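By written order: A, B, C and D. Residues from 1 in each chain.
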Amino acid sequence: MSEGLKPLGRVGMAARAARDIPEGWYVNLGIGIPTLIADHVPAEREVVFHSENGILGVGPAPEAHKQNPWLVNASTQRISLRPGGSFVHHADSFAMVRGGHLDLCVLGGFQVAENGDLANWSQSAAEVGRQIGGAMDLAVGARQVWVTMEHTTKDGRPRILRQCSYPLTAPGCVTRVYTNLAVLDVVGGRGFVVTDIIPGLSFEELQARSEAVLHRA
Amino acid sequence: MSEGLKPLGRVGMAARAARDIPEGWYVNLGIGIPTLIADHVPAEREVVFHSENGILGVGPAPEAHKQNPWLVNASTQRISLRPGGSFVHHADSFAMVRGGHLDLCVLGGFQVAENGDLANWSQSAAEVGRQIGGAMDLAVGARQVWVTMEHTTKDGRPRILRQCSYPLTAPGCVTRVYTNLAVLDVVGGRGFVVTDIIPGLSFEELQARSEAVLHRA
Amino acid sequence: MIDKFVRSMAEAMNGIRDGSTVLMAGFGEVGSPHALLDGLIEQGATNLTVVINSTGRVRNPSQPAQGLPRLVELGRVRKVITSFVRNHSVVGDAVRDGVLEAEVVPQGTLAERIRAAGAGVPAFFTPTGAGTLVAEGKEVRDYDGRACILERALPGDVALVEAWMADRWGNLVFRDASRNFNPIMAMAGKLTIVQTHHVCDLGQLPANEIVTPGIFVDRVLHVAAGDPTLPR
Amino acid sequence: MIDKFVRSMAEAMNGIRDGSTVLMAGFGEVGSPHALLDGLIEQGATNLTVVINSTGRVRNPSQPAQGLPRLVELGRVRKVITSFVRNHSVVGDAVRDGVLEAEVVPQGTLAERIRAAGAGVPAFFTPTGAGTLVAEGKEVRDYDGRACILERALPGDVALVEAWMADRWGNLVFRDASRNFNPIMAMAGKLTIVQTHHVCDLGQLPANEIVTPGIFVDRVLHVAAGDPTLPR
């Protein structure tokens, strides 16, 4: 990587994804980096955030003295509710997800493959811990599935792959990936199409950090 | 039939069935004679009446000046709501029915067979008019299914049969029949068991008006 | 700013195409989107499949047909999916004459199929209808010793809904028994169009009391429609 | 007179049998029937199958286990059906040690299976989980060009529910995000037991605002439980 290159941090990735969310969309934000996205949607742009535990219209974290213990998001953080917000039970909440009513979910990821396969809940089928949560429902149900993740693992192995090696969350679901280095659309029949790269990084350098073949936009 | 014999009228059948509904039951009353049953449950006995269009806690018909045009039962009659009553949408209303939550439904009938088969919505598969409504759901879903009907057709043909000739509402669903002449339990493996006959009518005379073999209690 | 209110019936009906499946809410005239039905008649879409609980009363020469029966009289409906067709009704006569197809299904199955469409369930098993004419041509399977039939989800290209109050996000509440098919049809419509008696500011409807969240709603038209009348 | 209020925890827990399937509501400590879980621990039923969204945090030696983890420590649970098992949690360790079976399923499938049980749907198809480990051993069928798997209803012998307000008919409302699994577990429990923060006179809860009608409720215990705390 070129000297002085500045890969995006967690907040930077969240802010980059936030830029692309249009007004009026219904959006579910997964645990981790995606949760940060809400803070970067401009206040004047109305986006309705959904939380799996039956909340539509999630607002920002409240000041300490305004916290409502009965109001937490899917990450069990205390939140606020926007005017126009509403509550439903868990089956109705997932009816929104599974019935195709969300315009977008943004999920964290371990691996994304060029056919849109996503792995984000387990690194091995043999593992005892299985933290599936709502990710499989969201990956299958939302109209758009964006993933935010580091472009490579901590030890430099690629996460942008020809094929996922971890257990899948859902096959063929991802439509776009925001990494610390680039924005990649996943296009049916073509694979990863790079639409944005951070300043100072060349397409070839990005390709070198990816296993899958990348395409120019 | 013996001279001076008094078969029950519509109100008489409804009142007879009402006697047997215990406090605390959740009950759906079908169109026709069953609808009359609610008026004959003593006021001090709390029974919760369900209406298919999403009402629990149906109360009696209101006085004219208290009518609420937004409050009708499944027969589209204006009704009242008891304190404790509630509204749900149609899928939740039928979740009550189909999920086995109703203790009882009382339906009108054309024919009941000794195996519990019920026919109450059509006299011929060839008929254009098909008034299924909620009867099939109720017949299958309620824990008890009682039928109120005349013991025979207007021209004297039996309705208490070995086998139904009309299209079925549901197989093997009926648990008790209230006719203008008798009360008959439907007992698995045995068939019709007569538990009550109007004064002055003999078991043999009742049998003569029934196609199925009747049993003594 | 999200604003789902439309200012005219023409705007409410815009883009409904020939061949659409249209879900029409209401039960016994209560909760029926009468104004939107009039709007659809005016709009002109034809070759429709209509999903509605009940298809109308016995013909009454002194009362001109409205709503679905009127659409049928105009030859605009190809098929109805319903729980109730009466002999000697406009719909019944059209079925008899072979100009209209009718799929008559149990009311609970109808409701569950609509809800399934809204919830992303493509098909489900139910014991209702097993062993009856309703089961004809359907897959049968035993669950817990009981015969069950496989039923398909019933999505709409368009859902026509009546609400009591609505806000600009499309959040809805319903009055008393007018709730009936409205919330589930709102869920199942690709394009859900609402007529509402009252308009609320955003935040005026308490979050715990909203029955249909705006995510299920596309367009809202303010129509002060008055009280429902008893069926004629 | 219908009166579903019980006067003691012993009465609330009466008759829960060994081998029962117990549905436990709540999400992130909100809407969890903590008092009833304590009551179940006290009551003694064992060999339980527990259905619960999440099975607890990573072990924290300074915090004694409560609720499901405590039941597991006591060896009273045979199986959990859940969307979330963490490594190094009481439940995760019990699964690792082979003393507890875990069926881990997508959260939406969990919710839909519970709702299906309450609604009389024995099985349904869903695309969620198709092509993943979740699909193993399940029937697959294509709908609308999409692989779907067949999932079974998930009924409970017992459902443990927390409400904000209740009346003697068992009508319930919930506070904010505490609604979560409570209404659907109430529907799916053969014996539904509720702890409520507040008691209302019959008729005090507006008919249009009741979320869980009393038909889904068997017993109600008044427990002034205070606010939920954040997960530890």
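Note that a contact is a pair of C-beta atoms (placed from the backbone, for glycine too) under 8 Å apart; a residue touches a chain by one contact, two chains touch by 3 or more.
Since the structure is predicted, the reported quantities are computational estimates derived from the model, not experimental observations.
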Fill in the blank from the handout: The pair out of B-D and A-D sharing more C-beta contacts is A-D
Fill in the blank from the handout: Top of the farthest list for subunit B, CA-centroid basis, is A
Practice task
Express in whole angstrom the distance between the two chain centres, defined as the mean CA positions of subunit B and subunit D.
Solution key: 36
Exercise for the section: Please work out the Cα centroid separation of subunit C and subunit D, and write it as a whole number of Å. Expected result: 33
Completion exercise
Note: subunit B sits from subunit A at a C-alpha centroid distance in Å of 55
Completion exercise
Whole-Å distance, C-alpha centre of subunit A to that of subunit D, is 29
Completion exercise
Flagged in subunit B as touching 2+ other chains are 81, 87-88, 91, 94, 97-98, 141
Exercise for the section: Specify, in ascending order, the residues of subunit D that touch 2 or more different other chains. Expected result: 112, 115, 119-121, 126-128, 174-176, 207-208, 211
Fill in the blank from the handout: Touching pairs here come out as A-C, A-D, B-C, B-D, C-D
Handout entry: Residues of subunit A touching subunit C in the complex
Key = 23-24, 26, 46, 48, 50, 56-57, 81, 83-88, 91, 94-102, 141
Exercise for the section: Spell out the residues on subunit C that touch subunit D in their complex, using ranges where they run on. Expected result: 112, 116, 119-128, 141, 143-144, 146, 148, 173-176, 207-209
Handout entry: Residues of subunit A that touch subunit D when the two form their complex
Key = 51-55, 68-72, 74, 76, 78, 81, 87-91, 93-94, 97-98, 125, 127-137, 140-141, 167-171
Problem - Interface residues, subunit D side, partner subunit A - complex - result: 27-30, 53-54, 83-89, 92, 95-96, 102, 104-109, 111-112, 114-115, 126-134, 174-184, 211, 227-231
Practice task
Using the touch rule from the top, collect the residues of subunit D that touch subunit B in their complex.
Solution key: 1-2, 115, 117-121, 167-169, 171, 187, 202-203, 205, 207-208, 210, 213-216
